[in-house]
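Each chain gets a letter, A, B and C, in the order it is written, and its residues are counted from 1.
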Amino acid sequence: MLPLGSELFAVADRMRAMVAAQGKNDMLRGKILANVFFEASTRTSCSFQAAMLRLGGDVLPLNESGSSAKKGETLGDTIRCLECYADVTVLRHPLVGSAAAAAAAARKPVINAGDGVGEHPTQSLLDLYTIRDELPDHSLAGKTIALVGDLKNGRTVHSLAMLLAKYAVALQFVAPPSLQMPQHVKDEVAAISARHGTAVTFTEHEALAEVGGACDVMYVTRVQKERFATEAEYEAVKGVLVVTPATMAVARPAMALMHPLPRVGEILESVDDDPRAAYFRQMENGLYVRMALLALVMGVEGC
Amino acid sequence: MLPLGSELFAVADRMRAMVAAQGKNDMLRGKILANVFFEASTRTSCSFQAAMLRLGGDVLPLNESGSSAKKGETLGDTIRCLECYADVTVLRHPLVGSAAAAAAAARKPVINAGDGVGEHPTQSLLDLYTIRDELPDHSLAGKTIALVGDLKNGRTVHSLAMLLAKYAVALQFVAPPSLQMPQHVKDEVAAISARHGTAVTFTEHEALAEVGGACDVMYVTRVQKERFATEAEYEAVKGVLVVTPATMAVARPAMALMHPLPRVGEILESVDDDPRAAYFRQMENGLYVRMALLALVMGVEGC
Amino acid sequence: MLPLGSELFAVADRMRAMVAAQGKNDMLRGKILANVFFEASTRTSCSFQAAMLRLGGDVLPLNESGSSAKKGETLGDTIRCLECYADVTVLRHPLVGSAAAAAAAARKPVINAGDGVGEHPTQSLLDLYTIRDELPDHSLAGKTIALVGDLKNGRTVHSLAMLLAKYAVALQFVAPPSLQMPQHVKDEVAAISARHGTAVTFTEHEALAEVGGACDVMYVTRVQKERFATEAEYEAVKGVLVVTPATMAVARPAMALMHPLPRVGEILESVDDDPRAAYFRQMENGLYVRMALLALVMGVEGC
């Protein structure tokens, strides 16, 4: 089983302390980040930009809607050109495998900020960092994690489930019948668990009420209205999957309520002031994890 | 009557001297501004960005056309997410009241950069700062201010008229018959004047020639062609409301000619070299006033 | 004949060394660049932004699709407004002569980053800098330069041909019959050569094979499919104008292969690892030349 206190997370801890104390440092002074987004993702883009700025680096923001790609340039050439000016590239691209292709062409580091339905590794890392941080004993062993919402289409929860399979946890999948966790993800979770000897268990549920009082982490994701055949089906789901103050009233005293955001009604705003509402802290952790990643990737010593 | 030499303006004066001497300082080093524009406003956006950079801070520029708002996220959530990465938010939004709503959701400072037909307070502040700066004795008492152009639809002149009502000035409203100052603004001006005991007077005019030689400040605004029923009506207005060298020939020697810009013919370019043409100084003052505002809002001591 | 080791290039050399050693310096600390692009050009935009950042300056990025220009503002006013916040302007604009018009209105330096089919002077400068740098003896005298591709429509090769006419070179124009170098450019090359006493010669060709083994620099440009009447005509060109490993096998040992990029198949990726493939170095040189230009234009002493 992997230790939760990895080097990345230890560096992220130090980044958090540094930002609180002084806002920024000079670790990446003289370095430029090419922040390349072929599809809009304000939050991830801002998070990486802020991470670079708080390390004393500079940023070239690129929203590649109207550029050389339109002239027929390959992604590899685009990346190789940008690294003539920049020292590291962050890439968000709608095609699966694009980040790997970019990295293969590049001479300098490339960080995957999401490649379509492929991966979004920094999201998974910040999720795991947040879980570690929110759990009172900072250990996943023996914990129960509920994943809630659209488990069928959610890239975020697929990645997270596979990452959690490396730890001795019990997983609870909570989703409408038509949006349950796909079999291939469940198979993958089982395989990873077997490989790591973590004896992960998982159960499936259709309503929050079935798991609400018995989990240590409740990870809620967005349920998009357009995934449903009928309005009635969507309304039914809203009734049993929305987190309300009543949900929190029966939840464990130290439970962490998470959400990758944006939310569209899955968690009522009246829950925001509950100390267990961890989603804005989770969002903020994205900054520290990405700062740590940038510093490590750029080979900063003593970060 | 409010003193014109307010703290904000005193700080703005010092910002101007600092920029002239050294370009930037480190007052806001380590702080990040989220510069969020839900509608395009290049100038205001640039002005805030430059203000932050010249205080040593960094900027996350956000043009929210293609982002989480489209996914149905509330403005409050958008602001709360951004302040996970940034220390202060500047918001331009097409809806009245949006800035107040954002500030209510935020844990960190939010500055209103215009909320639709609501307010655009930093424009009013830079206008007042410029008037104070351009008047030879830096005092509004007893001065005559002409407001010229589309007074019916101009948010800028409405705000400015109400702000000026706090001082003992005479106002001259110069506009085509169909674009005169609305009654509700005139009522508000009268009410504010009564409250502050400033005995503000105002007169209404249809041509610049009626006021041109008798005002200390001439504040011209854009007259949009599409506001007129007929081409002939528009052409008639152009003839009596456009500032030309002839207008300046009869104007007071120390008059200040102002315009919030962009202009589309209301002031001829042949007037630009007249020392009384204050509109580019006015534009530049926007930088110093916004620097002062950012420094004060962020609690910089000794700024 | 102009010396190739001009002041600009000497400064660019020092910029390259500085970037390699420390990433950035503080030469333009406190200065802001308004990077104004009225048409998309990711590379040129990024190059100028990176240049300013590596000199310690700050950048206001402006993509003028949705701004005051739409409200009818003149380019001159736009520039004069921006320089209220910034210290130098870089302008890319689709209209010929726009950069000169902007410079005439401005009180601060304006750098032309391309004005439609007019000029793109920094591209020519980086091309010449790269040629000087790649040639083993850093001298153009007696050298043979092949210009390859769409010579009819390529602004880049027109400017470069006229610039090269100032040196004692032999030019080889290699293009499909319908895309040969226009007569007016050839006339201009002859006139410039006569004026500088450089006895420039030029020959015309239709296939790379005619020049491939006999040039010191091979400058390839993009051939756009839509320039051809028929698919067959386009395919024919591709066969005789594409640089392949076979092209390189017969090329001179010290030849420099250049391309302004983006490429769309004119140079195979299998050529990229050839040490004579200079196009990514050429791209990188754009950074150093633009840094030198910014420093000189801003009057930095001892740069």
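In this text, a residue touches a chain if its C-beta (ideal position, glycine included) is under 8 Å from a C-beta of that chain, and two chains touch if they have at least 3 such contacts.
Keep in mind that what you see is a predicted model, and the values were worked out from it rather than measured.
Q: What's the rotation angle, in degrees and to the nearest 5, for a C-alpha fit of subunit A onto subunit B?
A: 120
Q: Quick one: compare the interface residues of subunit A with those of subunit C and tell me same or different, with half as the dividing line.
A: different
Q: Could you tell me the distance, in whole angstrom, between the mean C-alpha positions of subunit A and subunit C?
A: Spacing between the chain centres: roughly 42 Å.
Q: In subunit B, what residues contact two or more other chains?
A: Those would be 61.
Q: What residues on subunit B touch subunit A, complex-wise?
A: 29-32, 34, 58, 60-62, 64, 66-68, 71-74, 76-78, 80-82, 84-87
Q: Going by the contact rule set out above, which residues of subunit A touch subunit B in the complex?
A: Within the complex, subunit A contacts subunit B at residues 22-24, 40, 42-43, 46-47, 49-50, 53-54, 61, 222, 261-265, 269, 280, 283-284, 286-287.
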